[in-house]
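By written order: A, B, C and D. Residues from 1 in each chain.
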Amino acid sequence: MGRVEAFSDGVIAIILTIMVLDLKVPQQATVAALLGIWPTLLAYALSFLVVAIMWVNHHHELRTAKRPDAALLWSNNMLLFWMSLIPFVTRYLGDSHVAPLAVAVYAGELAMCCVAFFWLQSVLCQHNLGNEAMERQYRRMQAKAALSIGLYVLAVPLAFMSVRLAMGILILIPISYFLPDKELLEA
Amino acid sequence: MGRVEAFSDGVIAIILTIMVLDLKVPQQATVAALLGIWPTLLAYALSFLVVAIMWVNHHHELRTAKRPDAALLWSNNMLLFWMSLIPFVTRYLGDSHVAPLAVAVYAGELAMCCVAFFWLQSVLCQHNLGNEAMERQYRRMQAKAALSIGLYVLAVPLAFMSVRLAMGILILIPISYFLPDKELLEA
Amino acid sequence: MGRVEAFSDGVIAIILTIMVLDLKVPQQATVAALLGIWPTLLAYALSFLVVAIMWVNHHHELRTAKRPDAALLWSNNMLLFWMSLIPFVTRYLGDSHVAPLAVAVYAGELAMCCVAFFWLQSVLCQHNLGNEAMERQYRRMQAKAALSIGLYVLAVPLAFMSVRLAMGILILIPISYFLPDKELLEA
Amino acid sequence: MGRVEAFSDGVIAIILTIMVLDLKVPQQATVAALLGIWPTLLAYALSFLVVAIMWVNHHHELRTAKRPDAALLWSNNMLLFWMSLIPFVTRYLGDSHVAPLAVAVYAGELAMCCVAFFWLQSVLCQHNLGNEAMERQYRRMQAKAALSIGLYVLAVPLAFMSVRLAMGILILIPISYFLPDKELLEA
């Protein structure tokens, strides 16, 4: 299991860090030019928070894995695949100055990340069959993941009606995930 | 051995993740512009799958290594060298909109990765001399690697006749590798 | 704790290394063109030193952590967030040829890194309550961090009066941090 | 020590891998355009070999370290600093189509890497005082490093007289390092 954790951590660390390469420096050294890059900075800060939260939750969840079987490796790889696209949709969000289509793509991308998390949680729940506290725990986390998927999917059409409302959802979801689930922490 | 595994994992994690830096954001926030980047997205998804499969197999194979000798270090470095070029040929495939020459270069590159895998497997087979089950196992894996080399080499001239057929081969090979060999898993 | 250290090391290693991607190669292969990129090289060398020092100190401090609780994870993530922006402000410093605004932004960014270090040190001090030598140690380190915050904040307005003086402060602070605190090393 | 090794491995893995980002894809999908990028490919392959050799030697040397003291941390950081510039000089070598000045800069950069290796070896020799076999071993390695420094320094003026001769030296030195020292391996 150690190598799966280490590999995932490596991939997530790189995802988290290379997003800074897309922060374009303002052409002129003026305050106006600096303020003009706010969409890129906002997109960067939001994605950093999202990836950091995913890492903390991934950290706690993977500790409950029992064996590096094919289901675990491939649900984990699927999660890493969708997470690896976060720098791309972040750049799109910033470069397009938070355009409706970019907000919709960003929301859809994060919905896929949550789907992958949901699958990984199913696999981990299987690993912990018989441990009732852990099963209950994973059912609660999957309910939370399902709710996030719903909200992210809702944000897709909403982006074309009101960018502000859609962005509000995109900002609220990570905040609701801010702390890893207490019961799992204590387990 | 721990440090060789960790270093390889680090290199593979970076290869897997930096490919997202080559996903160019569409200039305009329109659905047409977004759909226009499909060759880059296809190349990205294919290469992500290929590198993920290589990682899973490398993970299982390196666990059977007995000592970090020169043959192991350098066959492993050779593999990392050819794998490190995957982001380059991926970018070429996407930027050229799946041009015949780019498909041929991509196929040739992956053939070289398989050659390096074949060499690494020979070294690991040497490490496990006397263990009959393992030797048989490695002979089967090398037969599979040799078949892949043949198919990738075949895809090189085929790319200039039919891009679709060549791409079909490039997509089918990783699928045939999808699961690490069962016997090795159980070893 | 091992995974928190490994993840932080991964992020810091990437921050340290990707800054080289922003070192632009001179257009012409002449000595004049090579010398013309001195601001980028200076910014690179300064930031490499700053990140290396932060890594060494983070290395010594995190060894005193007792448990990966939420306070530790999030003060550490906050630190990584601010550190992750160092390549961005470094590029700004170099590309703007050490313009006053870029110097001020660089100083403000490093002030935020020190604030995050101060918070992380509070959390680690809490982890070591009852160990008097360690508590005294952390109080001294926090005093040093507070002094650095003050100097970095001072450098912000100073940059608009004298770029040289402000840069002098930015260069002196890392030198004063050069060696990790002796008492902690011996602890 | 584990964290110093892991951090160094992380930095070296990133250095090794991000160089591929500088391999520019030919504008047109023609064989002529592909062959036209040979200087970048040559520079990439040479630097990959150099960094891989440095990693293998670093791997064997750091195993003999006894404690993560300040001298070790900072000689190691100095080595990582000079190694981190390898992608920059590699890009310069490729982009300038192996211009004399770029060859000279490349040689000077690698000379600095060898100086840092020499310093690190002095520190490690200090760690192994009393172990005569190890001391003799480090003296031999330092003699080899000193010879490399001399040859790299020689290549600097030579580049302006004959690019081929200078490149010959740059290619021969890594080959002479190809295998880690046998005695150290057996220690």
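Just so it is clear, contacts are C-beta pairs under 8 Å (C-beta built on N, C-alpha and C of every residue); 3 or more make two chains touch, one makes a residue touch a chain.
Quick caveat: nothing in here was measured; it's all calculated off a predicted structure.
Interface residue usage between chain B and chain D, two copies of one sequence, is largely distinct: under half of the residue numbers at the contact are used by both copies. Among the other chains, the CA centroid farthest from that of chain B is the one of C.
Averaging C-alpha coordinates per chain places the centre of chain B 38 Å away from that of chain C. Between chain C and chain D the centroid-to-centroid distance comes to 27 Å (mean Cα coordinates, whole Å). For chain A, the set of residues that touch two or more other chains comprises 6, 10, 14, 18, 21. Pairs of chains meeting the touch criterion are A-B, A-C, B-D, C-D. Those residues of chain D that touch chain B in the complex are listed here as 5-6, 9-10, 12-14, 16-21, 23, 25-26, 29-31, 34, 45, 48, 52, 55-56, 59, 179-180, 185.
Against chain B, the residues of chain A that register as touching in their complex are 3-4, 6-7, 10-11, 14-15, 18, 21, 68, 70, 73, 77, 80-81, 84-85, 87-88, 91-92, 95-96, 99-102, 105.
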